[in-house]
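Going in written order, the chains are labelled A, B, C, D and E, and every chain counts its residues from 1.
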Amino acid sequence: MSGYWLLIPEYLLLAGALVSLFGDLLPGGERSSAILGALAAFAAAAFAGFIGTAEPLFGGMLVFDPVSVFARVSLAALTSVYLLWSGGRGTGSERSHEATALVLLSAVGGMLMCGARDMVALFIAIELSTMPAYVLMGYRRDDDRGLEGTLKYFLLSMTTSLIMLYGFSFLFGITGVTGYAEMDLTGAGVLGVLATVFVFVGLLAKLSAAPFHYWAPDAYAGAPTSSVAFVSTVPKIAGTVAMIRLVEALSPGATQLPLLLSIVAVASMVLGNLAAYPQLDLRRLMAYSGIAHIGYVILAMATNTNTGLAAAVFYMVAYALPSMAVVMIAAEEGSAVEQLSGLVDRRPWTAWALVVFLLSLVGIPPMAGFFGKLYLFTAAFGAGYRALVVLAVLMSVVSAGYYLRIMREAFFGERVSTPAVERSIPATIALVLLVVATLGMGIAASPLLGYLGVSF
Amino acid sequence: MGYVLAIPLLPAAAFAVLAPLSRRLRNGAIAVSVGAVALSFLLSIVAFVATLPGGHEAEAAYHAFVPFAHVGDAVLGAGLLLDPISASMLLVVTLVSLCVQVYSIGYMHRDERIGWYYAVLSLFTAAMLTLVLSDNFLQLYAAWEVMGLCSYLLIGFWHEQEAPRKASLKAFLTTRVGDIGFAIGLLVMFNTAGTFDFATVLHGMEWAPQTATAIALLFLFGAMGKSAQFPLHVWLPDAMAGPTPASALIHAATMVAAGVYLVARALPIFEASGVALTVTLIVGSVTALAAGLLASVQHDIKKVLAYSTISQLGYMFVALGAGGLVAGMFHLVTHAFFKSLLFLGAGVIIHAAHTQDMREMGGLGKHLKVTTVTFTIGSLALAGVFPFSGFWSKDEILTVLLHEGHYVALAISLLAAFVTAYYVARLWFRVFIGPQQTSDLHEAHNEMLIPMGVLAAVTVVVGFASPAFAHFLGHEGEWPALGMALGSSAVAASGLLLGWFMYGRRTKVINTRAIKQRVDYVYGALVNKLYLDLTYEYFIVRPYQRHAAWLGRFDSNVIDGVVNGAGRSWRALAAVGWRFDASVVDGAVNGLGQLVKSAGGRVRRLQVGRVQTYQGLVVGVLVALMLWIVVKGV
Amino acid sequence: MLSIIVFLPLIGVVLIAMLSKERESAARLIATAVAAVDLILASLLAVNFDVTGGMQFIEKFDWVSGVGIQYYLGVDGISLPMVFLSALLTLVAVVASWKIEVKPKAYFAMILLLEVGMNGVFMALDFVLFYVFWELVLVPMYFLIGTWGGPRREYAAMKFFLYTLFGSVFMLVGIIALYLQAGTFDIVALTDAGLSPTFQWWVFGAFFLGFAVKVPVFPLHTWLPDAHVEAPTAASVLLAGVLLKMGTYGFIRISLPILPDAAAQWSPFLAALAAISIVYGAAVAFAQTDMKKLVAYSSVSHMGFVMLGIAAGTAEGITGAVAVMFSHGVVTGMLFLLVGMVYERTHTRVIEDVRGLSSQVPVAAGLMAFASIASLGLPGLSGFVGEFLSLVGAWRSDMWPGWVIIAAVGVLLAAAYMLWLVQRVVLGSPSHAVAEIEDLEPREIAVLLPLVALTLGVGIYWDLLLRYVDPAVRGLTALMGA
Amino acid sequence: MSETVSPVMFLILAFATIGGAVMMLSTRNVVHAAFWLLEIMVATAGLYLLLSAEFLALVQVLVYAGAVSVLVLFVIMLTLRRREDAIRPYEPSWAGTIIAALFLGALYMAITRFVPVIAEMPEKVPGVADFGREMFTTWMLPFEVASLVLLAALVGAVWWSKGGDGR
Amino acid sequence: MSVGPLHFMALAAVLFSLGLYGVLSRKSTIMTLMCLELMANAVNINLVAFSHYRTPALMTGQMFAVFSMVVSAAEIGLGLALVLAIYRLRKTVELDAMQELKG
């Protein structure tokens, strides 16, 4: 087939993964494979952007529409930033060739998810993206708490993905096809709706949306913080894209879908924000806040309008950037909130960067998070979800409560004598890139939005 | 005639110079301030001459207007209006001000902050001149408020002591209660007329009676605050805590007369209302009599004069209430001179006797010759004795009342005149006659005596200008009718006689030590009465004393009590409000935060840590959804 | 021009951020220079302003084209005084805090950042841009209170942030609703969008929450005293002087012209809240034992007059509202500065402990008395202009006159608490805490003098301010009438 | 191979699978359960044969019956210190029962309301060769990705298995 | 009686539910994994049956089933490795021992 060159980004990532698996042979030890992986991912991002939109591959299994391109580029770029940071980290306990390889493999899966418009392709891509994530979450194999969290993640994830697969099987049985293009659920009756619900339960669980979120807090809290930085962000972008495609494809037959999604959105926003409030562990806090943010994204999906879906993807990326950065800082400074105390004296630049990230998460302009919320709420409001938008903005005030608590600790907290983290140039570059992206994605959103086709 | 602008501007400039430098300058301050007001006085004479031969008030000799604000369709501005009324007021204000300032050189020379004192006096003079030259009510109000501030500053001049501080606050706030009325009156006026200009609102439009009544009553309320009319008069006696020359200028001659001036200016509106005139008349007569009675039981010389001022202002209101613009204004003029004269004299007396309590004075006449003469002239003028100025103006008022048929008011006024004469005599005899109680008495310096002399001279002669003044204001002027003159003289004489009878014919010192508990007027009164003729005592004096004493208590307990109580209850209310704010309003907000926190704690309990529970919950939700879908169908 | 005014301080922030640790003291020089240049530019703006010209100095180009978000700046006679005020008070705040010793770099950077937001709010004519600047203001103020504040600074900073965020998210909902209805974020274009009254009613409610918290209007005011008491002096000055005005400015710039029908419907409610705020603020101010808290609550009361003028919706009322905004900024700024200066010397703000300033420190005492008197609305000083005009406007409108009378009583109450403060603090014989202190130094006097001059200037020659405001307000009322 | 499915065979195999599942869940011995699982897998392979999916039946036997079951047994053996540990207490779960029963009930109702579309059988039943052609043309992408899944699983499994020496 | 897709679907549903019950009730990690395999098996039966009745020529369902088998094999392998890793540290595979992380 002639279109294989469209998959060059995936090949690049894969090559990176394979090289780092045999990273022992590289000069410079474990650091080099991560940096190499970062370069590969960067090249992948660049290529994906360069290729742009294209005709679908494999008979429509993989599409290269704007949403896909946008998600692929941001996913690869975030992976690159993550590996850059990981490669530059002072402590290497959570970095090794395998981790780099797994991150890159997961990214490949994620990139395929972004383009998949076929149930089989989606299923297998999801598994490719998830399976390395299990390993990353349990990467400290001598830490039983980490493994416990991983096991919970694993079991819940398997159960839900089997439910999803069951749903896929019904969808296939009803329509006789696996590609979304020809999929027509109208008149499928109750079984069609049930199948849709099954599929979404699986995806929602992957995205850690309430009430299918239970794995996330425990798994994050047990996992190495550096892994959380990746797992809590990058795969979710892919998951969001996968989900908006399914929303598009399945809503004609499943009339209850908007209702289902809005219930999930409400549950996620409320539960995530409220439960994040009392948390003292940054990982757990970010887990709950992730649940809350997914709630906003799902609210946009419930609209099932082009704008709403595009806004969902935009928001997801706008969330992933600062969220990854916050967890990275937590990985450097210690995952308990109180360990951030005195950060402003210790590492002022990091502290101010943290402010940018947290405020973006709250939704304060001119950070990306604000613009994400703006488009998202506009889409939802326009689709008639007014009460939900009001709830969402109220919940974002609640979220400000716990994000500010982190800020307060970093700026006004009693100084604690934490050993200074060794600063490295790559890690600094990574954080700077994230700051720039968090600010720039909002201020210079015009081309992105135009690309995604957001218009109200 | 641009020099008119300089009349208020000179003292204002003096203030601008003195205010920042008040600590550095002493003699310089005096020179600047006195020089400025002297120049103003000269210019005022020129301006007065320019307005001759006078005429109707609407015909201004000079009018200038500078807009300072454009709001919507309205143009607000500052203007200078020189007409007979303002010209005569200019003379009065600058002359009294000049006299007081010169007098203060001697009176205040030992005070450290004399520079500041002169600065405020200059500001006051500027404000008062601006007020009388106003061509619109807004500017008048602005000047009115600034005067209030000056009054506040001067009453509290010796702020290291508690009493002046309290008195100053009380004075400012009480007058401001009236000012609210004035301000709302302005709102109503602007709402109807769209402007504050005299030309329009006084002469240029027809007022609907209801609107006119509203505005007039609100203005009257403002005037009552400023001019210390019952029941807003309570601040004035307390205001005597300030320096005496300042009291002479502000709380006797000029500022307190501003209320009268306001009503006089706004008289067309009052006349359009009708009701308001009656109310003015009632307020004036009640005040004239009640304050006179109160004056006659005071022992503090300044308080006697303060109540007397209230009473005389009441007279002016009576005159205006009867429609007697000329009479009211003329009494304002004469009163300004003789009352400031009395205050300045009182200042000398206080300096000499080192007390303000009349019971500790006596026999001053032998030592303070000049003061005695001038004070006597002032007293006679106040009592309304021919040929001093008070006689003429009071007679004019009584004539107006007679002409207009306000017999009740006339009776009250005559009674008030009697009371006035009585307390004047009481004051005079107690201070100047009788045994000397203080040693080391000496006459004041010339810079204090000369102003008094000037004022005394004016007091002697100004009364004869009575018809001329009426002509000047564009009204018919006549000499008082003989019958009325005789009648009023008789009343005054009987009052004086009673005063002499009670205080003048004594040869012995009254038991001052026993009366030292000044607070108890009743006790004092009882002691006093021992020397009196029994008959007289039972039928006239005792009821009189009782009523006066009762009125004194009523005044200090009820009316003043209401004012002070309002202050206290406001404070209590404020405390309650603060507690409410801190606990309820703020508590609600903080409670919301707590709610979120506890809800968060509750939600996180769902996360039990057991994976099968998680799976059960996930699948459970799924099953619930499935059942719902299956049961509901598509 | 406008962009330079808005973003010049941002350059200052960058410059300060690049200073090395050893040269921290240069931060104040940079900040002063930047703030001064900004003030000069703002003054030039005022000089070159055509009072009858409506929106001027417009800068407009697409920002996020797909959704019609524009970068759209402009000033008219209502925003110009506010821009000038924020530039002036920023300079004042910078100079007043020269002596700051804790983290001066961050401090001055935050003040400059604050200026970006403040100027931006008053210039923005695009809703999203407006909201961007609006929220931008929160951040530096949060840090100013939280880092350099008093003992309960963290609580106060958090409360300030959350409270105002709470209000502004509703504003965001309102913006979204408007956008969806009218299809534009353009504040100017929205004035003739022809929205249905019911829709307007709801949107007005959303904006009301956003603005009223900022103003603040009873009962949404409780963040204010906490924030003020804990904030450092300069932050208090800017908070009271400029930030509160953002709320009322929002009402005037957005709620009234865009939602005129709703404004009419809401007017009685606003009037009631305004009157309550006036009296309630005065009452609570009267009960305070802390000078700063007293001034803080007095702001609630004064801002009530602004709300009264806005509720009136008449030309006089709105002009009065703007005048109060300007005057309150200047006068309350002065009061906060003086309270701060006294606090620096006596280390107490408890009214009972500070007595007899006039004997010990006559200059400070005189200025404090002046500011208090200006605050109580004495004619001839700036406070009177606005309060009088808003009362006039309120009386001219068809609101219940009782509210106006209550508000007029508020004038008396203002006199009560202000003079009582003067009586206890300025007058009397010096107390122990006051006994040894030094009078103001030239720098401090220099900070206060321009404010004094403005207070006098505007108070005597109203058109100094009103020549800008009045034509703009006429345009506004014409829009509302249409 | 016939195009229709023999009811008898279906019933037998259905009984074998369901019965096996019930036995697997009811036995208290983990090792027995593993063998019951093996039995289910084999019976399922039979069902695949019924459905004319020979290749799948083969894979089923190889992968599940062969690899997975053996792996499970290995792990069981590795995690049992004593033979008696294989005997587990009886673990009824009311919540589990109710949820699973309701799940089945709801699903059953949906299935019974479902009207399946049955396509015409092609003339020539596709064989393993056709299967292979399809797999490497239409299903190229999933096939490649599946190999990556296996790679990832391999890396992960190796990583975890190497644990312990770090301790 | 002719065996149609509904019969296979019912069979798969029963097996899936039984697996689900096992997942929700078994306290041994290994048993849970086995039950998950049972569920996967049920899904595969579903897929193959649909393939037979719906797309006999294209064998789409069979393809799906193959990938599903690969994935579940990979997952069971990974899961068992995880179980072993945990067992090494905690000397137990009981799920009830995995309750340290919560809240």
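Please note the rule applied: a contact is a pair of C-beta atoms (placed from the backbone, for glycine too) under 8 Å apart; a residue touches a chain by one contact, two chains touch by 3 or more.
The model shown is predicted, which means the values in this text are computed figures rather than measured ones.
Student: Among all the other chains, which ones are in touch with both chain B and chain D?
Tutor: Common contact partners of chain B and chain D, which must touch each of the two, are A, E.
Student: Most central chain by CA mean?
Tutor: Per-chain C-alpha centroids ranked by distance to the global centroid put C first.
Student: By mean C-alpha position, what chain is farthest away from chain C?
Tutor: So the chain farthest away from chain C turns out to be D.
Student: What pair of chains is linked by the largest number of C-beta pairs in contact?
Tutor: The largest set of C-beta contacts joins the chains D-E.
Student: Using only Cα atoms to place each chain's centre, name the chain farthest from chain B.
Tutor: Greatest centre separation from chain B goes to chain D.
Student: When the centre of a chain is set as the mean of its C-alpha atoms, what distance in Å lies between chain C and chain E?
Tutor: Taking the mean C-alpha position of each chain, the two centres sit 65 Å apart.
Student: Averaging over Cα atoms per chain, report the distance between chain A and chain B in Å.
Tutor: A distance of 77 Å separates the two centres.
Student: So what's the Cα centroid distance for chain A and chain D, whole Å?
Tutor: 31
Student: What's the distance between the Cα centroids of chain A and chain E, rounded to whole Å?
Tutor: 27
Student: If a residue has to touch 2 or more other chains to count, which residues of chain B qualify?
Tutor: 593, 604, 607, 609, 611-612, 615-616, 619, 622, 626, 629-630
Student: Give the residues of chain D touching no fewer than two other chains, as numbers and ranges.
Tutor: Residues 93, 95-96, 99, 103, 106-107, 109-111, 114, 116-117, 119, 138-139, 142, 146, 149, 152-153, 156, 160, 163-164, 167.
Student: What residues in chain E touch two or more of the other chains?
Tutor: Only 5, 9, 16, 20, 23-25, 27, 49, 54-55, 63, 67, 71, 74-75, 78, 82-83, 85, 89, 98, 100-103 qualify.
Student: What chain pairs are in touch here?
Tutor: Chains touch in the following pairs: A-B, A-C, A-D, A-E, B-C, B-D, B-E, D-E.
Student: Could you please specify the touching residues of chain D with respect to chain E in the complex?
Tutor: So the residues of chain D touching chain E come out as 4-7, 10, 14, 17-18, 21-22, 24-25, 30, 33-34, 37, 40-41, 44, 47-48, 51-53, 55-56, 59-60, 63-64, 67-68, 71-72, 74-76, 78-79, 88, 91-93, 95-97, 99-101, 103-104, 107-108, 111-112, 114, 116-119, 121-122, 125-126, 130-131, 134-135, 138-139, 142-143, 146, 149-150, 152-154, 156-158, 160-161, 163-164, 167.
Student: How about chain C: which of its residues touch chain B in the complex?
Tutor: Touching chain B: residues 159, 162-163, 218-219, 221-223, 280, 283-288, 314-316, 319, 356, 358-359, 362, 366, 373, 378-380, 384-385, 388-389, 391-392, 395-396, 404-405, 408-409, 411-413, 415-416, 419-420, 423, 427-429, 460-463, 466-467, 470, 473-474, 477 of chain C.
Student: Which of the residues in chain E end up touching chain A in this complex?
Tutor: So the residues of chain E touching chain A come out as 5, 9, 16, 20, 23, 29, 32, 36, 39-40, 42-43, 46-47, 49-50, 54-55, 60-61, 63-64, 67-68, 71, 74-75, 78-79, 82-83, 85-86, 89-90, 98, 100-103.
Student: Please name which positions on chain B make contact with chain C in the complex.
Tutor: 19, 23, 67-74, 76, 141-146, 149, 152, 156, 159-160, 165-166, 168-169, 172-173, 176-177, 179-180, 183-184, 186-188, 190-191, 567, 570-571, 573-575, 577-578, 581, 585-586, 588-589, 593
Student: Which of the residues in chain A come into contact with chain B in the complex?
Tutor: Interface residues on the chain A side: 151-152, 155-156, 159-160, 163, 189-190, 192-194, 197-198, 201, 205, 211-212, 214-215, 217-218, 255-256, 260, 271, 274-279, 398, 401.
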